[in-house]
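You will see two complexes here that share subunit A, one where it goes with subunit B and one where it goes with subunit C.
Entry: the complex of A and B
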């Protein structure tokens, strides 16, 4: 290395060990930003990889599925006949949903390990324990292979038997998991048959199959079964894309907040290093060498930030993944492996984004400093003048951004565009903030009585603090806005969802079983004492516009059909639209997803594939269907029965007699007596608990990201205040020498800080509302295809005010501690410096 | 002798790399029915499965030739294993597990396949024999089905990859009970099995691959064996031979290799008219004359004794036995060598064909 270059680099970097606090905050900012961003990226890419694996079943390829057309499952004898006809690529699968005593939903997947191709076990057979594990798995009392993460959540120890809601028990647990098991419990098919009481398979998975064999398989299939191509990985990618975009947007926001800390730290490093840079220039150092040294410094920081940030990201991802995995499984049926997989690509991306961020936050300001004429650079006046110019420039840029956002808003068509507009709005708000803070300070200054000197001093000291606090205030604004906006989105969704559940799930019991005759249940005289009303629904699974869809046949006169909530309708009222739908067989109700995602309007006709070819149905109403990722069509049950011969039962809803106090007990014993198994039915309360549970879990990651972003913003604030303290210590020492008490000095710092925070908080309220308005009315509809009313309450904003006050109090406390520690030295140095 | 131990190792050990794959077999098989001398084998009942015993197999090999006189070979085996001595349960709770191996030695190379299935569900099994029933042993679409309760005449059909093999099996002689009336002792410590063979099987049929069809014919050999405990502590593996001599005689010999080199040898000499003579260790001289390094997996080579010298003292005859070609390795869960061998007399003239099995070589 060139010796000159070495000394330049050494001189520049010496700053970091002379000012360890600066170094610490720069590191924290970088690591927090990179950590939060990479945590989400790791989760997204892990989920993506898991979707790709949906082409496989527990490590075996699954190119197709064989399913019952009527959702009745597959008879064992059919499976054996197909195996004996030479279709060895078939793997029987039973999937069960059970819940434990606490009502936590647990997915069970069961298969015959002996039917899996031997290649699935490659590399395992050399393990001495393999044969024992394997033999224990296939024979009574069997074993339940439970992923470690799930076992920890369920507090399940190895060898223990998980007790289900109805008293049944799973086989003894073995804490381990196979490929693509996700969060599911894997058991032998024999154990699943014992558990479910039904000896039918959910479906058969079809491994690699040649075209000739495919034709032969189709010819050998009984008419009641169908061979379906496994498109799950495509479906999952499509269905979950929006969710992952949301997460990415949140992570980018966190990264931006992290960068504000970096920017802040760099600002101070510039302040301190301007003398160094000046000296180096005056000593005749080559500008190119200086530039190279700055770039090298940037590179080093990017490597440190990426390495530490990635470690934090992995740790965070590990914490956040189980909740998200559970949600993806409940909402989309996606199996996300419980064990995290990492890719070099994510690491490379993390490094790239860090480097870009640092070039903007570190290298560019240093470069700007270098560009100044040597003498100019050293002047404090120049710095202050610069601040005013910078504020104006930022405000002007913010106005431009706001205009851009206004124009772009009208053009939003995709989720990514939507988030880009949100990003622009947030940055516009952040950039105009210093200007607004300055204006507010002037305003307060002009309003204060001339005689109140201390107050005037406090406010005018704000001018000295403003440049230092600028970045921290921007970070705080972003964090507060995101918290309010996303919080309001979640509250709105929760309100809408719970309200909708109450209307839609009005029946007391939902029963679905092949072992019971629904008609006998409805008409049996013995049930009259407890059964007030019932509604047997039928359905057909279909694909519509390349997405999974469900055509449901419902009784148009059933209690819940009569009040089906519609968001849009044809004619005068929702009731008249429902009536029109009841009376005309060629009319259909569609869910909001069909309206928003497929762009189908009221009055339009849609074509559905029936037994007799395509048939047109006119859309007369759009119903709310929260959380459903699929398209759904409601038709009167007789229309479904006459158009789709392979329709199947979707279960029956039962309303209990409200006069009968023991109706629930009577219902349960009647259902058992008629052949239903415990677990075949679920009560309304349980459905609600499960649904709200899934909902809360889905948004747990949002809450976590919000909290972390707030923490990062708090760190930014602390970093700024400590920097101010450090920077102005000689000044504070002078004041102390002039007789100012410490509490008065603290007030001098605290009051402007509180004024700034108050303004930021005030600004975040309308901004947060704007954010949630765009999220709900634009992004949510584009992403998920449903709408909901915006719920805006002052409560969360007040809570955030308390949080901001607490952050201020904590940082001031920490500052005063530092102050007390450093003051004696500063006093001793009075007269030596400045 | 066959894969008596091998099958248990495959199902219990399931381990290719394990140094002591046969370890599980050395327990006493407590709880299972035990093999004792004096039992009278009864047919067709004993053609069927004996689920009260731990292990059992139906083991067919055949030396075949095509219209050009080229040598071919076929192996088809169904193994049964009881996982526990409790009474057999039907359905998925069954404690029976089945394994099947098939291999074909062709002029172009040796190909093999392995399958597993559970008992109790109909995916694999051997039908219970009744007087008016028929014998059927199968796994998935691999099937050996006779026309009646006897094992033969029968049709055997199976596939190995793209190759489909369909063979007709007929017999020209009686079954041969090995050991003493089917009680076959395997060691001085008392390990034993029930063991009978059918060395007189006429085989004809064809192999198809894509549109190519090759007609084949030749002679086959069946081994039926069941036991609950068979391997002694000091036994490492075995070398087994079944030979069809050109003069119409059949020879079966095996040696169980002991740690101390004092191997357990046994066999049968069967005349063309079906008379048999039990061969004990003093009547057999068996030694390897060539050891060759065989590639037995990725980056794995094993030294196997592939050429042998066999002498029968009482018959005053001696043969040289060598493989049709060396690479007839069965790379299954428990790997072993099994394939076509050619037999030459002392003058070096062709004297017959047969099958050889070599197990327990690391």
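Entry: the complex of A and C
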């Protein structure tokens, strides 16, 4: 390295050694921003990779599946016959959903290891423990391979047997996992058969198959089974895309808030290095060298930020992944590997976004400064004039952005476009903020009576603090808006979801098992004193408009069908639409997903593939279907039974007699007597608990991101106040010499700060409501295909006001400690003589 | 070494043009010293900045060491300031985050013109031994100005431009620092053009010129 260049670099970088607070805040800003962004990025890419591999079961490539048309599972004898017919690539799979005594839902997957192709074990046969481990797995008492994450969650130790809610026990646990096991417990097929008490497989996975074999396999399949292409990974990508987009948007918001801290730290480092840059130029450093040094500085910071931020991101992803993985499993049946996989690509992306952010925050302002003439660069007046110009330019840019957002809002068609518009709105609000704060200061100043000199002085001092607090206030505004907007979205969703559950899941018991004849059950229990009503539902799995769909046959006169809540209907009222649907066989009720995602309107006809070809049904109502990723069609059960011969039972809902105090116990005894296992039914309370549990777990990540964003904003505020203190210490020393007390000087900092925070808080309320409104009425519909009423309450905003006050109090307290520490030196410098 | 011909410079304040330098002529030989006197606002600092290439004249010529400063490219001007000139200001302009030793060495390092023996001599003569590991804010103003002087001379420039270098010091310190400064400039074989208000400081120089109404006049 050229000696001169080394000295320029030394002069520029020495700033960070001598100002550790600024270095710390710059590092925190970078690490927080990069960390939050990369955490979500790691989770998304990890989930994406998991979906890509979803078609492989324990390494075996499943090109197709054989499933029962009636969702009844596949008989063992059918599997043996197919193997005998030469189809060696068939692998039986049993999937079970159970829960432990504490009600934690556990997914079990079972397969026959002996049926797996040898390639699955490549590299493992040489391992001495291999034979013993696999032998233990396939022979009684079997082994349950439990992923470490799940074992930790269930507090399960090696060799222990997990007890289920109904008293059954899993085989002794071996804490280890194979690829794509995710959070699922893996057991041998024999263990699963004895656990479920049924010798039917959930489905058969079909390995590599030639076209000729495919034709032969189809010919060999009994009529009750169908061979379907494995499109799971495509479906999962499609179904979960919106959730991942939401997460990405939140991570970008966090990155933006982190970037504001970086801006803040950079502004101060620039301010302090103003004189140094001027000196360097006076001493003849040319612009080329200075620019190279600045670019190198940017590069160094980007590497530090990426390295540390990525470490934080990985740690955060490890914390957030189990909850999100469990939700993805519950909502979409998507398996996300519990062990995090990292790619160099993610790291490279993190570095790129950091570098771009830094070039914007650090290199560009420094370049602007260097472009000035040497004399201008050193002038405080020029810097202050710059501040005013910057404020006006930002306000103007904000207005342009607002206009752009207005136009773009009407054109939103995809989730990405929606988030882009939200981003534009948030940036417009952040950029107009300094102008609004300045106007507010002028307004407060003009309202204060002339005689209140001290108060006027405190407000007017806000002008000195405004440049330093500008970025921190923008960060705070973004954090508050995100908290209020996303918080309101979650509250609205929770209210709508719980209310919907009340109506939709009104039965006391839901029973679903392939081992029971529901018609016989309805007949035999019909006169029982414990039963008030029952509703046996049937269904057909299908694909409609290239997405998974469910055609459900329901009893139109059942208790829950009579009050099915509709969001849109044909005719005068929802009741009349329901009546028309009951009475006319060619009418259908569709879920909101069909209306919003497929664009089907009331009165339109839709074509469904029946046994007798395509058949048209007129849409007479649209029902709420929160959280369902699939299209759903409700038809009277007789219509489904007559049009789809391979329909299958979707279980039965039982309403207990409210007059009978021991109805639940009697019902359970009766069901057991009829052959149902305890795990086959679930009570309404359990369903609600599970549903709300899944809901809360899904949105736990949102709450975590909101909290982290607030913390980042608080750090920005602290950094700004400490910088103000450092910069103005000589001034504070002068005022101290004039007789001002510490409390009065702190008030001088606190009053403008509180005025600014109050304005930011006030602005965040309508902005948060707007964010929430767009999220619910635009993005939610585009993403998930359903809508809900917006719940807006002042409570969360008031809570946030308290949080902001606490943040202000904490930062002012830190500042007062620093004030006491630095004041003696500042006072000593006041009276300095040569 | 330095030749200025027909130099004009004006500023515009609130749409009013104010001529600061008007057809100014000036010559300066190598290894000489000149005190530039004048009332406040007469344009002394402006002239110094124009000679250093920090500002551009409206018209006229400034030639230094064979280079046309008035029209030279910024990169050449930077190179000249780095290796052939140095500037000393009332406000010292030390780099606050570097140690005293690093500050002294800075400009010599930039133009890669080290002389260890001379460095030691400068540090001793300016009384900075024992201060080298400190940082600028830990020194008194007098000491800081000595550091600025050491920095300006270590690379032995042809021309030292000083703008009120003792303006921040009391009278005794000013005389002491100025005596040292002029001795060291002579020893380095450099020329010194110093802006000052003080007749006492001007007495240290070989020549004294008075700037009035945009023009220079010798005052003897």
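Points to keep in mind about this one:
What we mean here is this: the second predicted complex is superposed on the first by the 827 of 834 C-alpha atoms of A that agree within 3 Å, B and C clash if a C-alpha of one lies under 4 Å from a C-alpha of the other, contacts with A are read in each partner's own complex, and residues count from 1 in each chain.
Basically, a contact is a pair of C-beta atoms (placed from the backbone, for glycine too) under 8 Å apart; a residue touches a chain by one contact, two chains touch by 3 or more.
Predicted, not measured: the structure shown is a model, and the values here were computed from it.
When the two complexes are overlaid on their common chain A, residue A:7 makes contact with subunit C while staying clear of subunit B. Once chain A of one complex is fitted onto chain A of the other, the partner contacts of A:792 are absent, as it touches neither subunit B nor subunit C.
When both complexes are overlaid on chain A, the residue A:288 reaches subunit C alone and has no touch with subunit B. After overlaying the two complexes on the shared chain, residue contacts for A:648 are found with neither subunit B nor subunit C.
By the touch criterion defined above, A:278 reaches subunit C but does not reach subunit B. Of the two partner chains, neither subunit B nor subunit C is touched by A:457. In the superposition on chain A, A:15 makes contact with subunit C only, not with subunit B. On subunit A, the positions that touch subunit C within their shared complex are 3-4, 6-8, 10-11, 14-15, 17-19, 272, 275-276, 278-279, 281-288, 373-375, 829, 832-834. The touching residues of subunit C, counted against subunit A in their complex, run 49, 52, 54-55, 74-75, 78-83, 85-87, 93-98, 102, 105-107, 109-112, 135, 137, 140-142, 168-170, 173. Within the complex, the subunit B residues that touch subunit A are 12-18, 83-84, 89, 91-93, 95, 97, 114-118, 121-123, 138, 140-141, 159, 333.
Of all residues in subunit A, those touching subunit B in their complex are 76-77, 80, 83-86, 88, 112, 114-115, 118, 125-128, 130-131, 134-135, 138-140, 188-190, 193-194, 199.
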